[in-house]
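Heads up, the next two complexes both have chain A, just with different partners, chain B and then chain C.
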Partner chain A sequence: MGWTLVQTQTASSVSFIQFTIDGTYDEIMFVVTHYRPTTDEQELEWQVKTSSYGSYNRGIQSNNYLMWVNRGTGGDQMSFYGGSPWWQDSSDAETQAFLGGEGTTTTGTGGNAAQMGASGALTFYKPQDTTHWKHWDAKQSNIYTGNGTLAQTNNYPIYTSGYVKEAEALTGIRFNCRSGSIAVGTFSMYGLA
Partner chain B sequence: MGDGEVIMGLTLISTSTASSSASIAITSGIDDTYMAYEFHFYNIHGAEDLQLFTFQVNDYAQPIQTCMYRIHTLDSSSPDTSAGPMATFDQHIGETATGNGSQDGDDRFAAIGIYTGADDATDSLSGMMKLYDPSDTTYSKHFISRVTLNSSQQSAEYLHTNIVSGYIKTTSAVTGIKFQFDDGNIDSGVIKMFGVS
Partner chain C sequence: MATKAEWVTTLMSEHPYGSLHSMVDGVRTPHSNAEHDVIIDGWADGRVADEARKEILKNGGASAEYAHFRTEQMIDGSYPTIGDQLDMLYRDITNGKFGEDAKTSTWYAAVKATKDKFTKPS
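Up next is the complex of A and B:
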């Protein structure tokens, strides 16, 4: 059986989006499209809960690599974000960054707010496993502008990977902004048996 | 499109479960039915520490070229991070069975995961490899993989992300594939093969 759409939720100025993970699938994938925060420069993040830990604060170790290019003539670099919440160790127990966020900029050649969105996919492997930690990987592409000029309007493909340091089954996931609310975005959960 | 609806795209062809297995060989189901095949790895756990997770195809002696990019980080507030090309574990056309000092076992197998862990029960590898148009008889066969693994080294825990792309330099159809560690058994884990349509 191929990927099965489990549920879709549409955000409209909400604090968070949550999904229940019930262990039906060996792989689950969350596809988020056209995310924007209400507050400028606030990335979309996630955290999980497990069968005996009901709070969204599990230990996550992660890393990333990224590329960026601007709409002018600069950029074209490969790099990585070297700190939390994009790159964290499990003792942080922080929310993990997923999508870059641009909010309300409406001025300048690169500043059309409706275009300043981010989309991506986050996959978990064997979320129901009770022996191993939970591997995940994600990829995203976003548009961000510093001041609305072409030279500071950038595209960032970012790839993140890691594990949730829990041998228990994952039972839920929450998506929220680093600060503020999720202005818009479509969140779909898929399962692969 | 309603919730619960099946999205076409991946068709499950086979499921292979390791249990102290020397390797996992998939010798049927790779043909011209699909333009691409995906191999999904779930919690592959080796018997030996610090090994390579590798693959070969057909007669397991095919010329393979790879390019590996890797990121690793220590699970610590002083994370000992490193990222970049990992030429040490690139595979090269013309590799012989015993020609690569950085590998144990049969060096013609190409690495898609490095520094795998076995010390702790939680050590394992997950991810995906995609093989494009294996039944083609004109071109070399391209593939790309991305795996994530956690590996304990004494009291330290490492996270590794390995991205590998490459090609199998053959104009013969690829009809079989084998996965193994370069030393030691696959203690446990599951590999599912999907057809992409």
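Up next is the complex of A and C:
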């Protein structure tokens, strides 16, 4: 049996979006499409709570790699992206970056903000396990405008993975911008039994 | 750069009490004033961090986060590619800018062997 759509929430100027996680599924995946922050360049982040810790500030150990090429200058890289919170130590207990916020769209010719945004998927493995720390991974595709011009409008995929350093069951997840509201975005939760 | 307190004032002006909502399991709910304050405080932290990042990108700096911003500069193409940098190094050694001993180095010999094997058409 394949992935089952559990719930879809459509964001419209909200400070955060939360999903309740129960023990129905072995794996859960959150697919976010056409996310756009109210304020330019604000990434979408997430945190979780557990059965005995009701606050969204659990320890997350994470890492990433980024792929990027500039066809104009020939520059390219596949590297670790050092920007926090795209990686963190479990003692940081920060919200974890997931999707890039689009670049400057309020000035210049970088593009119509309504047409820009980011999409991606975040998967948790055995979120209800009560023995092991909880592995997760995520991929994202965004549109970034370096300086508000079309010439510097590009895409750079970032792949992140890690674990929530909690042996008890995950019971909820919260998505929010680093600063400001989530302007738009469709958030769907899928489960794999 | 604005202070955190200034950002709190700005954000409160943009988002007065009652204007912020959450969405939990499909239900949209306005935040209480106490929740509102916590959210604005967090957003202000984010704005202060953003401004600090942009300041370092513009003028340089040596903060603990510098490695992050330096990486972003690379994204913007500030540095030549690694391949181009190595090619510059090879040419400088060939031209004697690091002394004759540099031409006996393991790295130079390995690169030169490949270049000699696959000679670029003139």
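Operating definition for what follows: the second predicted complex is superposed on the first by the 176 of 193 C-alpha atoms of A that agree within 3 Å, B and C clash if a C-alpha of one lies under 4 Å from a C-alpha of the other, contacts with A are read in each partner's own complex, and residues count from 1 in each chain.
The working rule: a contact is a pair of C-beta atoms (placed from the backbone, for glycine too) under 8 Å apart; a residue touches a chain by one contact, two chains touch by 3 or more.
Remember, predicted model here, so these are calculated numbers, not experimental data.
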item	value
Chain B versus chain C as contact partner of A:Y190, first or second or both or neither	first
First (chain B), second (chain C), both or neither touched by A:S15	second
Partner chain(s) touched by A:H135 [first = chain B, second = chain C, both, neither]	first
First (chain B), second (chain C), both or neither touched by A:Q7	both
Touching both chain B and chain C, residues of chain A	7, 82
Complex contacts: residues of chain C adjacent to chain A	15, 20-26, 28, 31, 39, 42-47, 50, 65, 67-68, 70-72, 74-77, 79-82, 84
Of chain B, residues touching chain A in the complex	1-12, 40-43, 45, 69, 71-77, 79, 81, 83, 121-127, 146, 148-150, 157, 159, 161, 163, 190, 192, 194
Chain B-touching residues of chain A, taken from the complex the two chains share	1-8, 26-27, 61-65, 80, 82, 87, 89-91, 125-126, 129, 131-133, 135-137, 159, 161-163, 165, 167, 190, 192-193
Sites on chain A touched by chain C in the complex	7, 9, 11, 13-20, 41-42, 68, 70, 72-77, 79, 81-84, 146, 152, 156, 177-181
